[in-house]
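The two complexes that follow have chain A in common; it is paired with chain B in the first and with chain C in the second.
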Partner chain A sequence: MPSYDVMPDVPLFQPAEIGDALNLVEQFGKGGWVLGGGQDTYGWLKDRAKQPTALIDLNGIEALHGIRQTDDGLEIGATTTLREIIANPLIKRDYELLASAASRVASPQIRNVGTLGGNVGQDARCWYYRRGLACYRAGGNLCYADSPQGMNREHALFDASRCVAVSPSDTATALVALQATMIARSVNGRREIAAEDFFVGPATHITNMTSLEPDEILTAVRIPSHWAGSRFYFEKVADRDVWDFALVSIAVVMTMDGDTITNSRFVCGGVACTPYRLHDVENAARGRTLSDESGDALAALASQGAKPLNYNHFKIPLMENLVRRAMRG
Partner chain B sequence: MNPNLSRRHFIKAVIASSVAAASHAGIQSASAVERHRGAVERLISLNINGRTRRVDVLPQETLAHTLRYKLGMTGTKIGCNRGECGACTVLINDIAHYACSTLTHSVRARAVLTIEGLQSTDGTLHPVQQAFIDELGPQCGFCTPGQAMSAVALLKENPKPSREEARQALSGNICRCGAYDHYLNGVMRASGQS
Partner chain C sequence: MDLVTYKNDVWGREVILGVSWDLLWVVIVAAFVIIAVHAVVVGNRKQKPRPSSEGKRIERHDGKDRIFHWVMAGSVIVLLITGIFPIVGIEFSWLTLHWAAGLVLTASVLFHIVRSLFWQDRSSMSIHPTDLRETVDASRKPGKYSIEQKGMHLAVTVLVLLVIGSGLVMFAMIDTPWWERTNALSEATLGWVFLVHGLSTLALIGVISLHIYFALRPEKLFYTRSMIKGWISEDELKAHHDPEKWPEDSA
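Here is the complex of A and B:
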């Protein structure tokens, strides 16, 4: 794949006020490209695979940055960096799951600048799509990955519809597990979206991985206190520990009564186009204790309904084993 | 007030009109309006290795490009140009960044430190540079400036890191010669721990 020396010629706006940023995204519509840390963006631009008409850098807007306590949990501004999330004492204490997930993103330098908004807003990592091919996700009418010769080792087991790409975001699984709320704004107002509805699959919207409209900016993510300090488990399996995206990851929250699980959410990354909830596992986990026996029983439920492609069968035992590991006492 | 003033105004106007022409009919603009909305002006001051440099920077330009091709500071390497190798690592306000994946316009008013800025004015090498030499870190040397900058960032934050902490801190820097252990030995030596 050619990597051009320089970025394409595109105007840059660095508004200092949220109102100016909202006007800009409204005005440029689909051509306006909002910038957090830019770490997902620059590859698209350097490869000429996406051609926005304006970059709108959000980092100068103070109101979008930082971590605040609220009446019911935490609010994390959209341009807060992953580095800041990992180092934050409140997140470490109450929502360690999110810090663990963020600390597995990419590399230190990328976490130093990559923002939470950019991490959840990033686009699919399917190499055919990234290459700029006119597949379904790019508005065309075929899928290169789901074809007899297609290389689909990293693609989806569940919920595919024409496109078989997976959700690339490591923080997304943690946010769905923690029942976060995403706050979006446009010139027309403000919208709260449950994390679970924020990430959308190809059956809903084939050219967009989130339910954000082109004129909307994600301003913050709220984490409710509901799961604060509960039992967490996060694990990401990738080819290398640095840079590589999850082959499969798991984010688990559990409330316990003594040794017994009273409530839980199990969410896998890398297996569907959105963070994928293991509802059957959650139901079966209630009333169980953490043990290898429980792990074996739940693992069997994890991958029910999986539809593997030519090269991604290995993700099935991987999912099952991650559930086993989450259930170790 | 300063001799660049008229030139600055000239460039601002050029940029504003090219923005309007290149992108969107809705933006018919005098430069004042564009500036209010946050459009960037091209001639900017950068603080690099403690010196102020005036540079004409395109809106989309990366810091690696500005350093190498505008300022002739070729110590910062470009390996992959896409955030996957670390050869371009520089410090911005003491934090390690990939210069290939940083817009130069986003570092105005921030302090950039490159490999050229590590040695002291009398030519004495930075302890990290000296330790890398002593531990035979550089093989081909291409990744060395990036490894050094990641090591310097770590030691600013954590002067006595464990080897594991050093391993994590340098994990965003690939060395195709595989001299990872030499660089880690260098970090331990530079921090006075070996």
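Here is the complex of A and C:
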């Protein structure tokens, strides 16, 4: 694949109003490329692996930026940077899980420009796909990562359907755990999508990682107050401490009655094409206390149903150990 | 418009990716035009009085064959919905339903092949050169099946065998309860398999559209009834078939 030092010649639109952005997205359809911080975009364009007909830069739209308190929680504009999320006192106080997840994204430089919308909407990081090969995800008819010689150390344990790529977003696991709602807009109106339904697997939509339609823009993320101030746990295991994607991550929210867990959500990243809920662990956690014994009991449930590929068996004990660590007192 | 789509394989060589799904709209429009033209032409003809469905009943389709037909029809409909809807943008988790319906179709076709080899009168469905005279000589009546019905059966046979054969190869490429996916075929071979599957699917859409249209035409409804209830009347037999070529004891 050729490599280029410069960006391709693509028309750039910088609307200042959301209405103009929606019209542009409608006008260009699948050829339009919505631009946030550009940290997913520029690699694609520089490699010429994707060739949009127009870039639609959302960063000049004031309404898409910022963190606002609502009657029932918090609304975060899609172009709010990860650095702003990490530094926001409201998020640090009530939804520290999201701040923790955002603080583990890539590197400080990327967090300074990377946006929440871009982080949850980023494409799969499977290197066969990113290289521009015509795999299932690119509209082709096979998965290179899942071939007998395929290098699939970073790929999925669960819910693979032809494509075995995983969701690369760190904030996605936290948002699913926090029961966030994604707000999507198009010229036809507004749609609220539960974070759990926002991320889609290859069985449903193999060429897309979210349920956004080509004419829609993710405008905001709403986090309900339900889990505000709960017990949170986030941990990401990657090959490097900075500038790397999760091999496995875990985002946990728990409500407690004294020492007893009354309700919880356990969500793993890096193990499926979407943030992966550990329903069995959640059910078994109810009524337990935080302890090594509880961790051992729940860990075995975490990886049930895993289908490891040739090179990613190590993710199973990694998942189990992350559940153990989340259950420490 | 392309008939076939291509891609570069992992070595950079151009190989077939599959059929161009733009052809789907060509097939749909073509089927619609053929049906519309036929409906107009036949509608302008003087209609013959329809034979009575009363009186003596002649068995046309055994119960086992009717069950086969409707199982096959149901599985083909499910296969088309699960195969085509995601292509036209109606997204859902289709793959498991698709291969499950494919297995039902395969099993029903195997049943039909065995039954036709050992229990049915295969000559009644085989096409003879003399059958072609039916198309030019209106006074010449067919035996159990008309040349059009035999042609439809032949077309569906070929297309279904192609779609099943290519589908089974593709089935080996995905996870199932019985084996894990292999991805063992070369990209070029896989491209040919996808092409055959896509082309036979498109042709099936056209053929099935015509089949459903003719099954619903008023003058042909007695055939559809016979595929549900099993019989046609003696009047219908005499009006549309030659009893000499379709003796009652072979019905």
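Everything below uses one rule, namely that the second predicted complex is superposed on the first by the 326 of 329 C-alpha atoms of A that agree within 3 Å, B and C clash if a C-alpha of one lies under 4 Å from a C-alpha of the other, contacts with A are read in each partner's own complex, and residues count from 1 in each chain.
The rule is simple: a residue touches a chain if its C-beta (ideal position, glycine included) is under 8 Å from a C-beta of that chain, and two chains touch if they have at least 3 such contacts.
Because the structure is predicted, anything quoted here is derived from the model rather than measured.
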Chain C versus chain B on the shared chain A, clash or fit after superposition: fit
Touching partner for A:24 - first (chain B), second (chain C), both, neither: first
Partner chain in contact with A:134 - chain B first, chain C second, else both or neither: second
Touching partner for A:71 - first (chain B), second (chain C), both, neither: neither
Which superposed partner A:257 touches (first chain B, second chain C, both, neither): neither
Of chain B and chain C, the chain that contacts the larger number of chain A residues: B
Once both complexes are placed on the shared chain, angle at chain A toward chain B and chain C, C-alpha, multiple of 10 degrees: 120
Minimum distance between Cα atoms of chain B and chain C in the superposition (Å): 19
Touching both chain C and chain B, counted on chain A across the two superposed complexes: none
Contact set on chain A toward chain B in their complex: 3, 5-16, 20-21, 23-24, 27-28, 31, 35, 38-39, 42-43, 45-46, 53-57, 59-60, 83, 106-110, 112-113, 241-243
Residues of chain C defined as touching chain A within the complex: 7-8, 10, 17-18, 91-96, 173-175, 180-184, 187, 190-191, 194
Of all residues in chain A, those that touch chain C in their complex: 133-134, 139-144, 146-148, 150, 160-162, 200, 203-205, 307
Residue ranges of chain B in contact with chain A within the complex: 18-19, 22-24, 26-27, 36-40, 58-62, 65, 78, 80-84, 86, 89, 95-98, 100-103, 105-106, 150, 168-169, 171-172
